[in-house]
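Please go over the structures that come below.
Shared between the two complexes below is chain A, which has chain B as its partner in the first and chain C in the second.
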Partner chain A sequence: MSEAASETAFEAVGGRRGGNPRAWIARRAEGIVLPLAALFAGMVAFSIFLLVIGKSPPELFDLMWRGGFSSWFSIQNTLSRTAPLLLAGLCVALPARLGLAVIGGEGAIVLGGVAAAAIGGVLGGSGLPGPLGIGIMALAGMAVGALWIGSVGALRHYRAVNETISGLLLAYIAIAIMNHLVEGPLRDPASLNKPSTRPLEAAYRIGSIPGTDVQWGLAVGVVACILCWVLIEKSSWGFAARIAGGNMRAAQIQGLPVGPLIVGFCAIAGACAGLGGMLEVAAVHGAANASLAAGYGYTGILVAFLARQNPLAIIPVAILLGGIDASGGLIQRRMHLPDATVLVLQGMIFIAILFSDTFYGRFKAFNPELWTEKA
Partner chain B sequence: MAGSDIGLWGVPLAILGGAIRVSTPFIYVSLGETITERSGRINLGLEGILVFGAMTAYAVAYMTSSPWLGLLAASGAGACFGLFHGWICKFPKVNDIAIGIAMMLFGTGFAFFLGKPFIQPLAPHLPALPFGFWSDIPQVRAALDVNVLFLIGVGLAVVLWWAFRNTRIGLIIRVVGDSADAARAMGVDPDRVRLLSTAAGSALAAIGGGYLSLYYPGSWNEGISSGQGLMAVALVIFSRWNPLGCLAAAILFGGAGALGPALQSVGLTHGYYLFYAAPYVLTLAIMIASSSPGRTLAGAPGELSITK
Partner chain C sequence: MIQRPAINRRQFLKTSTAAAALGVLGGSAAAATATLGFIYVGPKDDYGYNQAHAEGAAALKGMAGITVVEEEKVAETVDVLKTMESMINIEGAGLLFPTSFGYFDPFVLQASTKYPKVQFRHCGGPWTDKNPKNAGSYFGYIGTCQYLNGIVAGHMTKSKKLGFVAAKPIPQVLLNINSFLLGARAVDPAVTCQVIFTGEWSLAVKEAEATNALLDQGADVVTCHVDSPKVVVQTAAGRGSYVCGYHTNQAPLAPEKYLTGAEWNWANVYKMYATKFVGGETLPNFTRGGLADAFVKMSPLGKAVSEPARKQFEAKMKEMMKGNYAVIKGPLKDNKGSEVVAGGTAYVETAIELESMNYLVEGVIGATS
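Showing the complex of A and B:
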């Protein structure tokens, strides 16, 4: 590989070497302005929809602001919902950097939660100190999640099975396994209406960040986002993954270990989602039950796409969508709208963000290579 | 054995009846997806369109007291979703798989939104033909009560199989799916053919949804579909884009889906949640068995992104 070729590859994945700072800023701005514009367009489409059904868009967005962001109480509510979204978003974003559309994060969340609850139950009588037990539970959740999504990657690479379909199928299978375990072998006989595993001992539950009602999962999620960002943007593994995501065949010809990269990144993605499930059990529900399949895995898809698969950008996006999620109840009560309102809004934003892909490279302001053509 | 006590024979009989009942939505969705994929696009959003079709069919059938009008409305709504998918995928750099994921989430969410008022009321059902009239055994009669949509679906599979080989439209769709350049050289606009193929496929998927809400299970609720639309997309790959293959695979899947309820009906309740996972496991196993790296699948449309 010649020096010039490697430099081009570096440029192609967003490197800064050799470019002037204005060009660098312009190129970076494209990835911020276009998603924001798509977000806005999605909200406009949703406003039109609200007008058609005779509801007031300003009232809705006002309630969204008040329910998600305006007071300390609502911000804490938002941040509590942000934690699983961060990890679910990572579960989509990491494989996406390799060009894989893995959207079965819900399965890893569910099984990660069940594994953590099962291990927590076993440790219950052992008298193991709390932090150690929590660590083991987290490892169990991550291991199961990694196995689940890692196998999606392995099937993709070694058997050419479409990862989108296999991931979703495995999510359905995961939910069936959870129902089987929670209704059968792991059921707490005391849980009558809503079958659950035995509640975790107090020592194995994760509390709130001091001075807040926000669960520690938020901090864990933010740290995970930063670590994944370092992995993708700053490590040689991440560099290889980005090359493979750009052109799989070229990466293979270059001798990059494409198979281990795909399986490895999918496994890390699954570990994130599994950790998300473990946090839901240890910090929110205190036991594993059907509440684990709350749809965080699916909202995580939107989080990742809005963040353009960038782990750092996932943090603000997850807070935004967590806030929309948190305001859902208020909107439902005040405006007499169904709980699916949030899903409609998310769907419209999602379609807008995907449509915005067509505008990359079209605007002169963002694309320095078009500047010289003018002269 | 006398009367209604037919013991374990109830299991294969229930599976047969279940295969016919459960397979019908699979038939429609997989035939629809076959049309779309033959034209070189993949629409993963059929799961969402199926749910939206189920809601539309139920709501319209309830309001007009005619299940057939419900089906008509569902296919119209499905076609609208398909037109939108086909239109938006025409733009450069827009990924048809990702748009399908978005349609899946949007279609489901939108159906839940509009369908809230229709969860309680009862809509009229689609008719069934009692092919079991010769028998006195209620289980046999139940198993052979064949709904009209199943029969239409079987006919449709044969017609499509014939049409892909022998008609001009079938040829145009196949050419567009195999090589957009060749289609352009023939004077055919690939985007338009794909637009219409996606619309037709989505309309069929929505009819499959209408079957769910108007015949079996026969009511509208938010848990009406459990991945049938998605599995049907996988079925299409397994049946190598052949409508008759889709029919056979759909019936096989119907049987797998009926396994859980059939075993439950003879009193086997232990671990029946795992039997509910049978269709997903079967789909996955079939996908693993039927695909392999390094070679293109026989019969795959050349322009299809999923096989590249």
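Showing the complex of A and C:
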């Protein structure tokens, strides 16, 4: 390749400011067009499934649109279900950038919620101003979550324990600890048939975003997604983490602090999930009880993988899943389909998007570096 | 796709005038089809808690002027709040039955405050007159049915050991365990009952483990209080043990080994609400009832049940049908030896003291914590 040709190739891949704008657009379009195509393919596959069981796909997609997105009520319904998925998704996406499959976010959510409720209970009657108390509860939730998932990272790095298994098993332990605390030491004696902690005082509860009935967790989650995106894509820590995720051994040879990176990113991921648990307590339940283990941690896995571990992409993906969830009830009621129908749809979209991963870099239209090959 | 043309001002005026005219004529269009919404926490074919409610809802489907909408597997989170709102806003439901205990606080309370024109009746809930007036609760006294289960079990056991798979050590569950043992001891005071708590309302693996553990220790009649008794019934019957059912009739799962069962009779309760609602009557806020009120019932006795068991079962049932039967009466000791009910004291099923039960009676092997 001549000097001039390599220069053109460099410009063509958008490697320089003022480079070929067509190349710049093409590169970014790939990350949008491929997931959308996969989404479409998943829906087509699901339509075939519906036809096989004798149901009408157009009716289903119309109900999905109406239940999830067509009116202000539906949009709020969707966003309410989106809120907990954002932070749960981050708990999976951040370690994944280091090549770790941490799927035990449920444990951090549950314990973060219990910690927040416990601190909120201690603060009750102290006269501490609401925002300060809420701040302390949030810190408590984040600290416990960070400790929980951080320890998964530490076990991985220092003791070579498989993080997928340890995270999952720790989630079961977390739920057992929650049940013990909520049914034992932290139980409100007045909660007879559903053991719960003492209800939070009104000052320590978080209301809805003004003008909506969507909890503040949505705004917190969006901000967290943006912050995590900046951390991963724009900071030197994020750069180091991505290198470690790409090739752990190479990162070690380069002298990157792989241990602190793993534990640190896992701790931040756990803090996100713990904050999610705190928000469930302060904004939804008003106390900690067994309902905290609602499976958001597991849906978070789906969210993170569909977003291809990109914190910014978690936002639209969580909204999409929130919408599917919001319309699931309407589909059940109108089409007399079982609840599992929505899970089948989610599964098909999930498979299609994972499958689409193999197409990255293979379409000429999206890859300017292929444009010069014929030259 | 369903077309939704935009409505212009003229059309709007026309429709609203027509609607107003209908209103004047007294035939409110809404009353012609009242929509009732039912919400279940688990699958509605679980052979248990949720199926009992779904069977109750199914009994309304033939009633004139009633549309039933149902949603299953709705979590006790913001999900149930949104499901209720969706039934109200999209289907126009006027009366909702959120059937899981955990739906009440805070979700039913929030929804009933936000939608004062919609009626909410919650199963098992702790509604008090401080709560919104358009909300309320209903429940059945099923402890007496567990006592009847115990009578049959007491006759049929050979090892004198019964087994009970329970979800959580909360008052409702403890009352069922105690009633079951007391029923069996009314037959034979030497009978004991081992209880295992699984810690969750629905956890099939632990329920199977618990059942196997009870059978390994010699229990030969097993019952349970979990959301879906299916696993317990099939596991126990599969190993040759007798079973007593709970929530709904599990006889089809184990026709040879099923003795009888404590069942809800929600069809009766829902028909009462639906009739009043369609007729424009005020719905009661606080509804409770037992065997005599047909809020609960017993499964038909299985073919394995012996003649003496049948006789005592039927005699006791007759006595209970008169109402005010007290299963819990003194002197009664708990299984740690302290007296929990003094001699001469009897708690009928409506007694408020039973709703904070925190002990297992003498003869039950197990601990509440």
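Definition applied: the second predicted complex is superposed on the first by the 354 of 375 C-alpha atoms of A that agree within 3 Å, B and C clash if a C-alpha of one lies under 4 Å from a C-alpha of the other, contacts with A are read in each partner's own complex, and residues count from 1 in each chain.
In the analysis below, a contact is a pair of C-beta atoms (placed from the backbone, for glycine too) under 8 Å apart; a residue touches a chain by one contact, two chains touch by 3 or more.
None of the values given here were measured: they were computed from a predicted structure.
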Which of chain B and chain C A:G207 touches, first, second, both or neither: neither
Touched partner set for A:G135, first chain B, second chain C, both or neither: neither
Touching partner for A:A294 - first (chain B), second (chain C), both, neither: second
First (chain B), second (chain C), both or neither touched by A:P338: both
Which of chain B and chain C A:E280 touches, first, second, both or neither: second
First (chain B), second (chain C), both or neither touched by A:G184: both
Touching partner for A:R81 - first (chain B), second (chain C), both, neither: second
Contacts of A:D357 with chain B and chain C, given as first, second, both or neither: first
Partner with the higher number of touched chain A residues, chain C or chain B: B
First, second, both or neither for A:N193, with chain B first and chain C second: second
On chain A, positions contacted by chain B and by chain C: 176, 179, 183-184, 338-339
Parts of chain A lying in touch with chain C, wherever the complex brings them together: 58, 62, 66-67, 73, 77, 80-81, 84, 176, 179, 183-184, 192-195, 215, 280, 284-286, 289-291, 294-295, 325-326, 329-330, 332-333, 338-339
Chain A residues touching chain B - in the complex, by the definition given at the top: 101, 103, 155, 157-162, 164-166, 168-170, 172-173, 176-177, 179-180, 183-184, 298, 301-302, 305, 337-344, 346-348, 350-351, 354-355, 357-358, 360
Footprint of chain A on chain B - complex, ascending: 44, 88, 91-95, 97-99, 101-103, 105-110, 112-113, 116, 226-227, 230-231, 233-234, 237, 270-271, 273-274, 276-277, 280-281, 283-284, 287-288, 291-294, 306
Residues on chain C engaged by chain A in the complex (per definition of touch): 1-2, 43, 69-79, 81-83, 85-87, 89-91, 101-102, 105-106, 124, 126, 168-172, 199-200, 355-356, 369
